[in-house]
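Structure, as structure tokens:
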């Protein structure tokens, strides 16, 4: 019987997603304790002011782009481990995706929580990405040039490596 | 029996993803001809130079981040219609995802083709997003501050609305 | 090389989903022409008048149960062939799901179209079912006794067996 | 770092699937204890007596409609969180789906159990729905007018809100 | 706009699943004609005679291992492109999976057809694999030592490369 | 309220995947303790020496068949419960898939771990199967006659039934 000691996925010395032979593997988190873990990610869709105006009006009743994108973000969170090859499947306990229209952009923020052996950073980033793609899909007929920008982790807490918070604004 | 005339998804006058009652629907493309359609999208993951260096070395043999991200991008392309709520399922005929490491970034480009009734812009953008998320996942242990930037359509061809190419660089 | 003549899935003499040995199979539709096919299905969620009132208010702005159920119905349509074992995968070209709150119920109607070799009855029925389950999920905290009723095909058109319309009201 | 107190999903005062801003979210169950939870749901497919007779004969050996529907129900249970947008993914520990042919109907019953932080009502209702849709699919060639009726929760146990049992017959 | 000439996936000179840079891609089949394509694959699960006897009795009424494995095979066929990274999604038009119990084995055969731009060899092999894994799953409590053997293509027809039939027995 | 005592899935007296009525069900594992469980499976793809040579060269830089198959195996592990009808969904904590090219074959080995109520034998066997199918897919253009052989459990540990190791070589 082969034995397989629990591995550390946060040593910083190298990429933990590869085994000694240089092959990809799903890191062993079996020896890590289950703790409450939260991650917050954000991103935005940059667009023409006219496009932002159409979305703002829709919110008021004629076609709710942000409502659909919110659902897309929540549902994608649950499929993160299907999309990201080496991501662990996790029992998500909470997802909140919010979207706000600005002058020439839609700002997206996702908060995801679990009680598990590894963090939910990828789940939060995937939620933001899916919501952003959905905003693009629903408005591309009037603005093909939109860009998705600044998808990034804002903070995380829980787990051995502890809390992390973005400090560069 | 209700009848439902083919609708135009590119009128520009409004958002075609909503019906007259303001509800979301999947646009009727039944009346559109099947033509060869190609879309190209791009994006990048901004990172510390040290992180880019680790990825570059991995390429050389100790853990191929870009190879895994490439597969993630290709596989996500096929699931676009599951992730984006109002996206039509399409018989993808070609996907090519390429990744290149720069000084402080990984640049991603995806080209997707189909022979169908609607375009593959969302498929190309989804491929880039999934590849970018995978790069983040595989290197986050050494650089949590990375950001995903500039996910955007570069060009599309085929279909009634014809070719479109980004002109703002 | 075995040969396999196109089979008729509408003979009425028996169940076409079984082969001669009595085993389940996915009926051969390879010999059928591609035609435009439309199916309409309906159903309802029966509930207490107080529950219907809460949903009606939500529509007005504080939590849109019907908007979420609509998206659930559209997305489930695309996964019909994953849920129903012997159902053919089809390139859906249009989905429209509408929900209306009545005195003590939510009425659901789905219209689905394709241009393909077999019909979309199951897609329309699946859309209605998923929307109904979502209405239940979102309001079950205040009314566990709700029931889903009368999920049924209203009409279909296209294909060799031609149009069919419900006549019993 | 944002904080997010555990929320109650059974207050009855409103719909827990919406946050304070009226947006949809997946309720936070992180603070709830893991307990054994069971839910039982039922439903039926109403059909012509001739159709029920064909199914009954199939059971005896020439094409087992109920056997296929049983598998469809079990498999759909595992995908509930993919179909219902705000449903939590849960580690299902038991599923039992039974189907019985009557004079002019097929009666379906599903029992689902988990050991988790939230209940399995939606899983049991989804199992019944998928089994009912499969019965329809497999017999629609001989009886398009069938209807799916009375999909409902019969009982649930476990969790803070305790046991619930249908009392209206 | 980049251009991308249709590529040949059967040159034999090299592996078509890689582009000129050595990266994996989904081969471009956009320029290939749609033709009727059929593939037949087979395989077997080797087991103790006692295990085969239990399966044979089940068939007779107390628990139908082969019936469940048949459904598993059919359903997996539809998900081939999700499981095999570079496989094209195809509109499957027919699937037939048969299983037979022998003295100390279960023999599996799958026939899959499509009308499309590329073949269904992978779909037939995936159907056999999923059916074999299901037989293992359902009997492993009494025979952990079973092995899955000889999963292979038996024949294919359709497409430019024409018919192929196994000749080595 | 029905009650449902925890059942034993390893009695050996019969097939636990069927209930008393002979119907398929997902065995109740609710009463089993969560323990660390590991399973190792193996298998091989038999091919012409020329094909093995092409794969070996690709490893060296022109197209990495084994790298793609490794990712396919890891990703399929996470979808085991979707492919095998009566398999329990499990929180996989580790997956390692390795592939080695021999004279006329590719040898595959998968190790999977969880901390859960039931074992991961099916996950390890599914990982091997998906990797083998991917090797076939990527080289079939030059060698259609390849066969997948000897997919089998090598060892398992954890759980009430304890450790098991293959002894017949």
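For reference, chains read A, B, C, D, E and F in written order, and residue numbers begin at 1 within each chain.
Just so it is clear, a residue touches a chain if its C-beta (ideal position, glycine included) is under 8 Å from a C-beta of that chain, and two chains touch if they have at least 3 such contacts.
Worth saying up front: this structure is predicted, and the values here are computed from it rather than measured.
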In terms of C-beta pairs in contact, which of D-E and A-D ranks higher? A-D
In whole angstrom, what separates the CA-based centres of chain C and chain E? 29
Expressed in whole Å, how far the mean CA point of chain E lies from that of chain F is 16
Rounded to a whole Å, what is the gap between the Cα centroids of chain B and chain D? 35
Residue list for chain C, restricted to those that touch at least two other chains: 23-24, 64, 67-68, 71-72, 75, 79, 82, 85-86, 91
Chains touching one another, given as label pairs in label order: A-B, A-C, A-D, A-F, B-C, B-E, B-F, C-D, C-E, D-E, D-F, E-F
The chain D residues in contact with chain A across the complex are 1-2, 4, 19, 21, 23-30, 81-82, 85-86, 88-91, 116-117
Show me the residue ranges of chain C that touch chain D in the complex, using the header's touch definition. 9-12, 14-18, 22-24, 43, 54, 58, 61-65, 68, 71-72, 75-76, 79, 82-87, 121-122, 125-126, 129-130, 132-134, 136-142, 144-153, 156, 164, 166, 168
Which chain B residues qualify as touching chain E in the complex? 36, 38, 40, 67, 70-71, 74-75, 77-79, 91-98, 111, 113-115, 155, 157, 163, 165
The residues of chain A that touch chain C in their complex are 64, 67-68, 71-72, 75
